[in-house]
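Both complexes below contain chain A, partnered by chain B and then by chain C.
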Partner chain A sequence: MADPVAWLAGLLGVPVWLARSVFAPLVYPGLLAFTVVALFIIWAERKITARVQMRVGPYYVSPRLGGALQLLADGVRIAFQEVIIPRQVERYSFILAPVLGFAVTAMALAVVPGGPGVYGFRSSVGLLVAYALLGLAPLLVVVMGWAANNKFTQIGAAREILVSVAGEVTLLASLLAAAMMYGTMDLVEIVEAQAAAGVPGIVANPVAALLFFIAALLIADRVPFDLVLGEQEIVQGPYTEYSGVLFALTMALDYLKLYILMMLFADVFLGGWMPFSDPLLGSAAVFAKTVALMLAAVFLRSVYARMRLDQVASMFWSKLFPLALIAFVLSAAVHPLYGGVLAG
Partner chain B sequence: MEALEALAYTVSLAAVAAGSIGAIVARRSIHIVSWLVVAALGVAAVLAMLGYTYVAVFHVVIYIGTAVTLFAVIVMLLGSGSEPRPWMPGRLLLAVMAAAALQAPLLVQGLSGGRPGGVRVSVRDAGEALLSCWLCTILMVIAIATVLVEAVALARSPAASSTRAGGGSMR
Partner chain C sequence: MEWGSRSVSRRRGPGVVRGHLQAIAAALRQLARPPMAMPLLEAEDARVPGYRGVIVFHYDRCIGCSLCAQICPSRAIKMYRVPGDKRIRPGYDVGRCIFCGLCADICPVDALETSIIHDRVYEDVPSMNMDPVEWAVWSKRILREEREPGRPRLRAVVDPDRGLRYERVEA
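And then the complex of A and B:
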């Protein structure tokens, strides 16, 4: 089976591009895969944090599986919970913002390849398309915080906007350094260049990889940069007033960002499906790398404390951004490693 | 495929029109920001369908991701969203007329059956064109150097160091 998506398209009698653009955002690497990953990652996060703090963590739902079904139970409860809309909120913005925010962010999954030939569409600027779609989410978070008309949500929204500006500049700088290194912004070509050279990007340009990882933590609101959600300070940030399905969407939004960014990291810096070229094995490789990276990201929660907003801003603008300039120089130095491969 | 493309053009142009009218008519600052995003996404979609893919993506990255976001910073930090502006029907009329006048050439073009021919401009072409002209290269270097010097000056300014030392008052 050379290409499972093409085979599926033939079976259903639809054009291949249509099958691709439906399969990728909805099944893999899209929403279905994301749902499974999110359930697993949230469970793993709670379990790991509990182990570090010498607790048991989720247990009573399915004791034999270590409480792995706890999240499924939570999901069912949240799905049937009443959505409370407080009187002081701006109704339409309040309801629409989380829905739109999740949908816009999920669209990025159409460009990020989850394996050889497993992508929604391929563009010569795929890297930037994914970045641009991720960059739309902070605005909708601001709308959420504003619409809820509450002190905590407004402080959270102000933090989100300050933090996302700092994080996105660093993220874009590291992505552009990577694009300069490979000489292309097409994500499939990036992976192929790494496979042909036999060197993953993290070895060639560790500075850019480190910057990407740190900026991804900031954008996805992970500890030590979870200022937007700062539970001890501002309840749940911009998401304070949400309940039921809308709350689930806001929580999923942050995990979705983490999932997309870590899949991008796997493609751009870890060589994507590098040891394999078969669609199924390659997809499994990308998926495994993504999940491993997400586990590393959630593990940080149990070892780090939260940074202050001014510390984060000063760290990103005055320390990490100059480091990005070094990443550019490094990219220029290692470019011949990949440049020859693409030309040939 | 033809019908799909026509539908895509129609939807994008409708988004541009709705966004530009909404941005003028809206009574709260954050709604204005949202309508600007709608208009910008429409413009980006039209650019992308005409073949200027990377211009479209940069439009989203720079216009929405940076400019509109900074506008949102100002709105949030000044708290100017709480007082709605008075409702003025005349503004709606003006906005509709302006949007109609701006989109009329496209409409005429579309009705006459002539469709805009797609051009394919890739980043690589643009980069080669930029680097083959020495004046452009020099201007680019000067621009980047200026930004860097300004950034260093800002980072070392007394305001920045006082924020760092004093714990900051940024909410």
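And then the complex of A and C:
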């Protein structure tokens, strides 16, 4: 089976591009895969944090599975919870902002390839499209914070503005350094360049990879940069007033960002489906790399404490941004490694 | 010479990269260690000797002197007339009890004793107030549970290697 999506399209009698653009955002690497990953990652996060703190973590929902069904139980509870809309909120923005935020972010899954031939559409600027769609989410988060009309949400929204600007500049710098290194912005070509050269991007340009990882932690609101949520300070930041399904969406939004960014990391710096070229094995490789990266990201929660706002700002602008310039120089130096491959 | 500038040398921390690596390595080491929390639904905390739980009542030992009702600071124990019994007997309100154990101390015939159990669930408030016969029957159940616990009793022991360890305590 060379291409399972094409085979599926033939089976259903629809054009391949249509099957692709439905399969990728909805099944893999899209929402279905994300739901499974999110359930696993949140459980793993709680379990890892518990083990580092010498606790047991989720357990009694399913003792034989180590509490793995806890998240399903929580999901059922949240699904049946009443969505409370406080009197002082701006009603339509309050309801629509998390829905739109999640939808816009999920659209990035159409661009990020989850395996050889497994993508919604292929663009010569795929990297920028994914970045731009991710960059829209903070706007909706600010709308959430404003619409909820509550001091915690407004502080959270203000923090989101400051933090997302700092993080996205670093993220874009590392992505552009990678694009410069490979000589292309097409995500599929980037992976193919790494496969052809036999060197994953993290080896060629570790500085850009590190910057991407740190910026991804910030954009996905992970510890140590989770000051937008800041549970001990501002309840849940911009998400304070949400309950029920809307709260689940806001919570999923951060994990969705983490999922997309880590899949992007796997594609751009870890060589995507590198050891394989078969669609199924390749997809499995990308998926495994993504999950491993997400596990690393949630593990950091038990290592670090939250940074202050000024610490984050000074770290990103005065330490990481100069590093990005080094990453560009490094990219220029290692460019022949990949440039020759694509030209040939 | 400023104060302390010579004798006190400030310990320099590890560098940035080494510091992060050390922190991550420390968390990874912790990850490999077993949890030291007690599995609370599968075991229960062993009580120390002399633990003051609910008061159990031995009906056959009681002489009806009502000293317990007099000493009880929260009026959890009151004397009742029992049909067919010519002496008055103590009844017990767990809701009022402060588990001081004074009644068990003052009882001249040891008809009242402290148990090691105090975490019980009652269906409603009236069921916490027991007359002498109910109390005596209930006490038998509590005493049986004290002898044959449903869950193993564990005691926390400080272990230099693992932090806390739990060992089983026989009833």
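Methods note: the second predicted complex is superposed on the first by the 344 of 344 C-alpha atoms of A that agree within 3 Å, B and C clash if a C-alpha of one lies under 4 Å from a C-alpha of the other, contacts with A are read in each partner's own complex, and residues count from 1 in each chain.
Basically, a residue touches a chain if its C-beta (ideal position, glycine included) is under 8 Å from a C-beta of that chain, and two chains touch if they have at least 3 such contacts.
Keep in mind that what you see is a predicted model, and the values were worked out from it rather than measured.
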item	value
Which of chain B and chain C A:Ser62 touches, first, second, both or neither	neither
Residues of chain A touched, compared between chain B and chain C (which is higher)	B
First (chain B), second (chain C), both or neither touched by A:Val143	first
Partner chain in contact with A:Glu168 - chain B first, chain C second, else both or neither	first
Touched partner set for A:Ser124, first chain B, second chain C, both or neither	first
Which superposed partner A:Arg51 touches (first chain B, second chain C, both, neither)	second
Partner chain(s) touched by A:Ala158 [first = chain B, second = chain C, both, neither]	first
Contacts of A:Met185 with chain B and chain C, given as first, second, both or neither	first
Intersection of chain A interface sets (partners chain B, chain C)	none
In the complex, chain A residues that touch chain C	48, 50-57, 60, 299-300, 302-304
Chain A residues within the chain B interface of the complex	93, 123-125, 128-129, 131-133, 135-136, 138-139, 142-143, 145-147, 154-155, 157-159, 161-162, 164-165, 168, 172, 185, 308-310, 313-314, 317-318, 321, 325
Chain A contact footprint on chain C (complex, rising order)	23-24, 26-27, 30-31, 33-37, 39, 41, 163
Interface residues, chain B side, partner chain A - complex	30-31, 33-34, 37, 53-54, 57-58, 60-61, 64-66, 68-70, 72-73, 75-77, 79, 81, 122-124, 148, 151, 155, 160, 163-164, 167-168, 170-171
